[in-house]
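Got some structures for you, see below.
Both of the next two complexes hold chain A, though its partner changes from chain B to chain C.
What follows is the complex of A and B.
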């Protein structure tokens, strides 16, 4: 059948009409700012008040990359990413496997493990404060425990770097794990039990069943979690604020997103050019990592 | 390997809220599957035939009774130590592994002394693939194959360890009609070639009758009849078996035996020597009607269904329990007259009497 020219155009019009609201909104609030950030990042000596700049070039990038605060933020972000993504995914997998095995109280445990997901970041932060923060009245519950075992304890919130890094990683894992558990338990439940029956009849050992059947079957979901986990961890900011307050530079716990925010609105802020450059550097980092992730997953995931 | 089931019973405990009653899936199975035979477990959905198969494979543990493979009591052995090959209804091929890896999978599980070298494994994989004629497809993924080919891979995987018993769960239900005919011949051929005692489960009587050496008809967890397909067809033990086997279905009428004569409706249709007086269910196979001018069985002809070589005469009868009784005969005879009264004589061998309450067969000569 020959498509009628006019009819085709008519339906195309309709399609564009339906898409228009989304296009307008995305254009105004997503695409335009993105392009603007890109332009900002090359405008040197931008003056916020007069909205003028002196020249274009790579100076903003050079400034950001030489800023010790940015380097610190970059290091923190990478550490958080490298520690929390594998750990949270691995732990979530272990817990999901456990949840998948048990029969009694399964629903209860699933709810319990999912609770942190629906809890507000700052509320969880408060709990962590009670656990870790030293105040005039208490050293924090963890320190109280450490004292029992004869250790002098350590200030997790305002103390040494490793202690702060430990708390923030623990916190991040705690916050991101429920979603991963949710995804993985449903992925595990969706593996057809006939595969396990077939494996049993063939006398397959539990370890082999896990590595040769379960893991490959849920690998698309694991890669999904790893990819989104990387992206999420690179964009970390609110968790740090919840634990260490808004002056993250002083605490030495700033992240890239935190740096971007500070450059825009912080006490030392008012530099949209530097902020844009930092944001674009973060974008490039995430793009690179995600590309690598996808390349690896295309090779490994075969279903 | 001969399989002996002794008073095998499987009860699934009822879950408290939803269905508080225990479910008796398999009740008092007691029969022998002879060595090297192909046996079909036949019954409607939910009759426990798959459970029976799972009991033989070891995936389920019986509540009562014993299972013997030859002289060995395997009741308490886990599936991997029984030496069974199991083919699942949906084949259960691992989608992420190639055909070769799928067939090799059971071999790779072998440990200790039984462990095989790569070369031996490859040899065995090829051998199994040859039996089911898929040696050219070894590097494909299951998703790149047709249902029939996947079925063959599943059989090859079940055969590769040289099991003593091959179990097939609804092996043909996922195939289209033509492939089904082809594959059931194939299963027959593979079974003959390997000589492995094979048990398969099906709800399709035609499938079971066509390839089995022996069929086991089941209903609600109980064995109704065991025997060669023709034997069971010719001599059903009860009304259920008579109705379940045969296509088109057997015609059932209400009748009465009076002084060794069978009456259906008004008509005195057949001499039934040795049958006691009283009401009965009468089963008459569609091929049991002989068209005759002055036949004893009168009925109202409604229409004719032409099937080529044969035709069905659909007729009405006041004593009919079957919703649409039919008689099968040569197309020439059937087309002679439409409407009005037709008369048949009955072939005594195609007529079965059943007790009205127990539905057990009443024999006559």
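What follows is the complex of A and C.
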């Protein structure tokens, strides 16, 4: 008779066998790269072709932080974050409150509002581009509208910086709204109706109900959206490509993630060390902002 | 007195109707903002090239729709090729991901082994790693392995999703353990039990995960852009970028829009069929990007 231990070992073996594919994939494409990116970022003068480097140190970080393209990307990214996160969250809250009040057509509105989530952002970005762009043939739909209001109009795609920033923020908000509306609508629907009934019996004003009942009840979800919104906006890249093309540095609209990819690949590419340093700087920024967000939200939510 | 009362009720009612109409107006405005780009893309795609360029003030409708642009979209650029590539990429990536996910979720949910909790916690912590950090090394790895411009290079790094392992594991755990024990007594193997019992019971979750992964694959842009520069391996996202920069000649916007419609259509159809499932799945933990 075999000892019991070997039977146990056999089933352990099997469990690891079931986990093996996941471990292999995660190890090769997630864990190893994570370690490696730190190493890359400290290897100075790394040569892609010969896979050699000259020394280790902080030179890559210093190079990136002194690169005007990176500073520009940093500035663009921060502007996009600061403009789009509060605006989209506020607008989504407004729309969700509206959705929560109606009965007829609610499903239809919800379905329509969610549509941008499933669309290819690069494809729809092209539509935004032709709506906002001035060409030799036409001023574009949006500029025609502006003419009606007596404005001379502006090329939003290849024009002044503020116009480009405006259209990218608009498109970013358009893209992120479905997720926010979905989350906030279900958060609002899950507030216990007893609270509202009790408030109505007491004759509480609608504004007071909103600030004293609704907002505190859904505040965890709002903070969740703010945090994921910050993280998502800091990683902005595809939306910019959709509107301004792949050469974002020329358009002056590059973002941090765009800078990372430009360093890695393309005409300005071949510098994985700079790319790694920039990616780690981005990660540090996101980590810091998320920590601050969490600290603030813990304070606010517990009140 | 009685009249006064009626008057107040009437006023209240009018106020309420006004409020409700305002509410619907606001929601409709956002609905238009959402739908207008789609309308514009379809409208432009059926305008003829000359008609489009003759309209200094773009018309909101067309009286002479044409399918010419759609023919151009498939003949002047290899749109069918991009489409096929994306299909292959999506199907293979999703299938591989499902296989890996099901096995791992089963091990975590039903099998017992030493260090299970530690491994699971480790898996969960991997969810926090942003893609941007690992993409650099993955790019170097794929380049070193000579896998650029191959499906293997496109697919392999896109397979794993820790979140889906977590989601499916939670679902598997809801299936009564007695069922598993009974199957063991009957001498059913783990493998058979997984495929004959657990997967059929968890079908709704598996369908949700599949759809979410399909959407992710269909829209993926960054990784395909990094590892393919041969148009024979472009996915639709790269294809659309290529069309924009070198395609039909930059000015043929109607043909470009026809390509955009063709690319957007599969996911919109998928959404119309499964919108309840997709929205439910996303609210359970999907994020964009």
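In this section, the second predicted complex is superposed on the first by the 280 of 303 C-alpha atoms of A that agree within 3 Å, B and C clash if a C-alpha of one lies under 4 Å from a C-alpha of the other, contacts with A are read in each partner's own complex, and residues count from 1 in each chain.
Definition applied: a residue touches a chain if its C-beta (ideal position, glycine included) is under 8 Å from a C-beta of that chain, and two chains touch if they have at least 3 such contacts.
Quantities reported herein were computed from a predicted structural model and do not represent experimental measurements.
Residue contacts after overlaying the shared chain place A:113 against chain C, while chain B stays out of touching range. By the touch criterion defined above, A:297 lies against neither chain B nor chain C after alignment on the C-alpha atoms of chain A. Looking at the shared chain after the overlay, A:25 reaches chain C, while chain B stays out of its contact range.
In the superposition on chain A, A:194 makes contact with chain B only, not with chain C.
In the superposed model, C is the one of chain B and chain C that contacts more residues of chain A. Across the interface of their complex, chain A is touched by residues 20, 23-24, 26-27, 30-31, 33-35, 37-38, 40-41, 44, 52-58, 99-101, 103-104, 106-108, 111-114, 116, 119, 123, 126, 129-130, 132-141, 156-157, 159-160, 162, 165, 190, 215, 218-219, 221-222, 225-226, 236-237, 240-241, 244-245, 251, 253, 256-257, 260, 263-264, 267-268, 270-271, 275, 278-279, 282-283, 286-289 of chain C. Looking at the complex, you find that chain A touches chain B at residues 192, 194-195, 197-205, 208, 212-213, 216-217, 302-303.
Chain contact summary for the complex, chain A toward chain C: residues 11-12, 14-16, 18-19, 21-22, 25-26, 28-34, 36-37, 40, 48, 94-95, 98-99, 101-102, 105, 109-124, 126-128, 130-131, 135, 137-141, 144, 174-177, 179, 182-183, 186, 228, 231-232, 235, 237-238, 241, 245-246, 257, 260-261, 264-265, 272, 275-276, 279-280, 282-283, 286.
Note for the complex: chain B touches chain A at residues 57-59, 78-81, 84-86, 88-90, 92, 94-97, 105-106, 108-111, 141, 161.
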